[in-house]
Amino acid sequence: MINVGFIGCGAMGRDHVRRITERCSGAQVVGVYDTVTANAQQAIDDNRLDAAIYDSADALIDDPNVDAIVIASRNDVHLDPLLHTIAVGKPTFTEKPMTINGADSWKVVEAEVARGRRTIQVGFNWRFDPGYDAMKRFTASGEIGALLMSGMRHYNAQAATSYYGTDNVINDTLIHNFDMLHYLFGGDVTAIEMKFARMNSLNPNGESLREPQLAIVEFSDGALATAEANVNCQYGYDIQCRLVGESGIISLPDVATPEVRKAGQISHAISSAWFDRFIEAYDREFDRFFANIEADRQPGGQEATAWDGYVANVIADAALESLHHGGRIPVTLNEQPALYR
Amino acid sequence: MINVGFIGCGAMGRDHVRRITERCSGAQVVGVYDTVTANAQQAIDDNRLDAAIYDSADALIDDPNVDAIVIASRNDVHLDPLLHTIAVGKPTFTEKPMTINGADSWKVVEAEVARGRRTIQVGFNWRFDPGYDAMKRFTASGEIGALLMSGMRHYNAQAATSYYGTDNVINDTLIHNFDMLHYLFGGDVTAIEMKFARMNSLNPNGESLREPQLAIVEFSDGALATAEANVNCQYGYDIQCRLVGESGIISLPDVATPEVRKAGQISHAISSAWFDRFIEAYDREFDRFFANIEADRQPGGQEATAWDGYVANVIADAALESLHHGGRIPVTLNEQPALYR
Amino acid sequence: MINVGFIGCGAMGRDHVRRITERCSGAQVVGVYDTVTANAQQAIDDNRLDAAIYDSADALIDDPNVDAIVIASRNDVHLDPLLHTIAVGKPTFTEKPMTINGADSWKVVEAEVARGRRTIQVGFNWRFDPGYDAMKRFTASGEIGALLMSGMRHYNAQAATSYYGTDNVINDTLIHNFDMLHYLFGGDVTAIEMKFARMNSLNPNGESLREPQLAIVEFSDGALATAEANVNCQYGYDIQCRLVGESGIISLPDVATPEVRKAGQISHAISSAWFDRFIEAYDREFDRFFANIEADRQPGGQEATAWDGYVANVIADAALESLHHGGRIPVTLNEQPALYR
Amino acid sequence: MINVGFIGCGAMGRDHVRRITERCSGAQVVGVYDTVTANAQQAIDDNRLDAAIYDSADALIDDPNVDAIVIASRNDVHLDPLLHTIAVGKPTFTEKPMTINGADSWKVVEAEVARGRRTIQVGFNWRFDPGYDAMKRFTASGEIGALLMSGMRHYNAQAATSYYGTDNVINDTLIHNFDMLHYLFGGDVTAIEMKFARMNSLNPNGESLREPQLAIVEFSDGALATAEANVNCQYGYDIQCRLVGESGIISLPDVATPEVRKAGQISHAISSAWFDRFIEAYDREFDRFFANIEADRQPGGQEATAWDGYVANVIADAALESLHHGGRIPVTLNEQPALYR
């Protein structure tokens, strides 16, 4: 049984605690920490845990009874606990984005490299979605040759209430797409340009949350991708991805729901939210996290590593610069350490 | 230019007159007959025809200026003009069903056989629907081996206002399916059983138009088909057919309409009516009728002949017997004359 | 933690042991029994269980350390352990069919009634399939009025190697459909007729496994359903269900897989097997089984009870009679005991 | 009967001659011209026309027996006959693009304005495709609010053999998309940028036909569209368009073809070529051309006018500049004359 220390018990954090408790037979949450102690207590109560509340993330990480760490706190407070878990060598799962920018994420990479071991898995859960996984395997098999282009859509019915502004669309929404493009294409992203589409009058945030946005992403091998973010699309949670190869294309499916024929329409329900759409991906990424610990394997391949977390942040940094100042922004990565090759 | 004499100028007849006038460059309607002269006049006026109104179907058929006949009058008055056109040897298109029962249709067959030439094309237009045509060619190619089963649906939003009772579901609705089963399977139908499903409380005709109905059709080679008639289904005009072969299945497509994503639904519009759903099939069957005349070819193969019209009527006769008295009714055909082999 | 005693450790049984071990956090397998001890040992080894092997099902059931029983042995040896678990009052999950005929299943019902408590959950897992579950909720909501008809397909690429003959198609394949029809329609089945379709020359079993088969099922309220079994369809595992209501229809979706466009085709992969197609349904039915124990709830509603197991067997008995002797066979149920209302 | 003079009898021209002859009852081709007389003769022979061959386009246009002109000659020789038909006031249908650049097309606009009447219909046939037409009507109805974005795909299995180089992708392929964007969005295009994707190694033309290409199109109201050209996609002729409104999206359907389930795949055939995919659109645009003449109506609304032809050329000019020199190119239109408002 793997004893988990859990940091960050907001809504998403508590959902992960529930997931670990109910779905992951080989792991249990034994300690929790949140800056708001009531959140930590609620995680314990909701899941009837036999777990302790700690005074600090550091105390939780240091407890010898704790085997592994999960971080689901706010994006801007991931860095310190990540560096601490690396220092003590405990396997750690952190929600995405790994940190809030490329510079901070590089510190995580450097720390892992210094320790000589990959201990961080970043919560880019789309990699574990059955549809995306099938697309990765299909394109990796070479069945449609090299990838030339991609078109993605990342639509939310309404912006999350936590969205404070235009930048969230990059750091919380499109960062998933940046990771998937990096994962699916293999090659490096070399430039990005962001463009705004016409404002939606139904967007209640108005100019403070300017979108829809279009990302145009260039790869070192000439491939080209577009990703639309439309976080007030009204109609549902709609995640699409199309990969264009030399002899064919493959596209992410819609969620399977019954077909209804009524009143002149043939219709299917659309997913309403990410927690529903990607529920299986969440389960699978945690299964893998614990299976790797069990088998003493380092994350990599399908699991996003600290390097992958860094790459997504660097692309997002360039996207933000384009959003703020316009134009095509080169994406420049530090050299990839041998640890991640 | 083929000069057409047109018999029966009700709503459907006038639509065919329009079709011939607008879409069939090589043919023109030069004479019309209807028991209600106002209908005949309306066909002329609607289409700005330079055409004469005749006093009788016989006069029209006999006019040496008329090259070919189209019959779109009521089902129960097809027989006499058909026998007349055969007698004078003029190519004739008749709406389905050819006559109102197998005995009458056999007279048509005998008349053609006596003349030694196939001059009748029966308006089983589904054979010319691009989807059904693709299914026929696909299964005929042997790509999925012998046909084992079929499932069909013939749904109308509401029963046609002309439907007077339960028998219409056989003679006007399912007769299409009987012809298609005969056409698609090749083999002979040997028995049929009709069953009633639960009555739809939204059926305004109540018990006088008892349906939905289920036909269970047996073929001489052991193949088995079901066809559902549901002529008050409320939601649209929905025509489906699935053919089950030894190594795969093929199914009729829905009509292509744009996909709308709105308010939590992914939806497509359904066809509302047969004249919309099968518009291309109507055009194509008339194109073929005139092309055959032009090329001096007898109908056959894709075009339903008098024999095919007879077969559909015999199946319908058995279906009616099952509907009225219950049970599985054998379908017994006269020997197929050499003219149709 | 619920301690599970497991009876029947063949391939399917061992898969359930794995499921309980990996996916059900609140339960663990502590004891196993199989007539072939090597199977029991393999279940322990595969899942690294800390569990004992018992000499008999009875000894396992009687062990006070065992809280609940799962039966996955051969269909014909369910009865005795079921009666025993009822006698000792331990919650029991049994694979479908509950027993091999209605007479045996009635003994189970009577035993439960005598004890005055429902302790049996029958493994009709389709009820827990997300697609079927959505259909049940949709039709129960009344959105398309009363159910009039249904069309089902139950196709396997190849017959299971364990299939010894024509009867398996009823007892192992269509029994799922019988349970779902009973579950979805609510009303009682009053008659059934089985018909054979043309034999598939690719069926390696030939006449000894005669199929495809068509079931025609009648309900007390006049509703009518057809279910096709085609267990050598070659192309995949294909489960379909369409429910026809008064104002619309709802159909089970295909499994969501990426769309590929290549070589002139737009294509999706089909599920190859039941364990893949219904994996989520299996997980959910066991979750429910343990959640009911945890909450001290009796099975019922979505979970198939001993009564539901009995009903499915009685329909299957009539189907077998029709298969062997032909014709429409009335389905007559004993009065439903108050315990199940 | 409208007497048509036909200019340009290459493969596409002859197909239009056939269309007019077979499908358009109210029109007939009475005169033909082609720089290669054998082509003109073949148009006559293929369609068994009673038509004269002229020595020049001018002679054909001037013949008082000719009521209307259709131009299907090479793009670069449209201008002179267009100016001539305007001068003599004869209704004219010209294939797209109207001329080879904005400057030439402006001459056509000016000539029409000088005559005070719209006599030119440009062959942007996509406007008459049933799918596109349904999208136009749907969005015009306001059902999804203002249009914010669009994503289009214009894929050919292989580049047309007539394609001499990279610029064809703009002038012959994407020009359709430019017209549709202008038609569907209503607002003016204000800028365009072209980008190259990774070269397809299966493109037999190599660098001389550099593509896939991505167009990023900006509108005056802030709306944003992307259009991918991929003219060696190998797998089929694939035309897609998605319009994103404020409360929903609408997408062009695939062509309806039967669904086949075989060998583990659920598949539909893809259209192989434009003449198949858009056959109905071609028929409809010619129907409209002749119906307008019959009714003495000027083209406009659904029919592309000389102004629309000019707009498409101006966008294409900017696209070519971006393709050759890179970057975002403003699109500047002359003021729209009152004749077209």
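Each chain carries a letter (A, B, C and D) given by its place in the written order, and its residues are counted from 1.
As a convention for this text, a residue touches a chain if its C-beta (ideal position, glycine included) is under 8 Å from a C-beta of that chain, and two chains touch if they have at least 3 such contacts.
Which chain is which protein? Per UniProt: A, B, C, D = Myo-inositol 2-dehydrogenase.
Not measured: the values here are computed from a predicted model.
The greater number of contacting C-beta pairs, out of the two interfaces B-C and A-B, is seen for B-C.
Of all chains, the one whose mean C-alpha position sits at the greatest distance from that of subunit D is C. With each centre defined as the average position of its C-alpha atoms, the distance from subunit A to subunit B rounds to 58 Å. Each chain gets one centre point, the mean of its Cα atoms, and the points for subunit B and subunit D are 38 Å apart. Computed from the mean C-alpha positions, the centre of subunit B lies at a distance of 43 Å from the centre of subunit C.
Shown for subunit D are the residues that touch two or more other chains, namely 234-235, 247-249, 254, 261-263, 268-269. Subunit B contributes residues 145-149, 151, 195-202, 212, 214, 216, 218-219, 221-224, 226, 228, 230, 233-235, 244, 246-249 to its touches with subunit C in the complex. Against subunit B, the residues of subunit A that register as touching in their complex are 157, 234-236, 238, 254, 261-270, 272.
Contact residues on subunit A toward subunit C in their complex (touch as defined above): 21-26, 130-131, 134-135, 138, 143-144, 247-263, 268-269.
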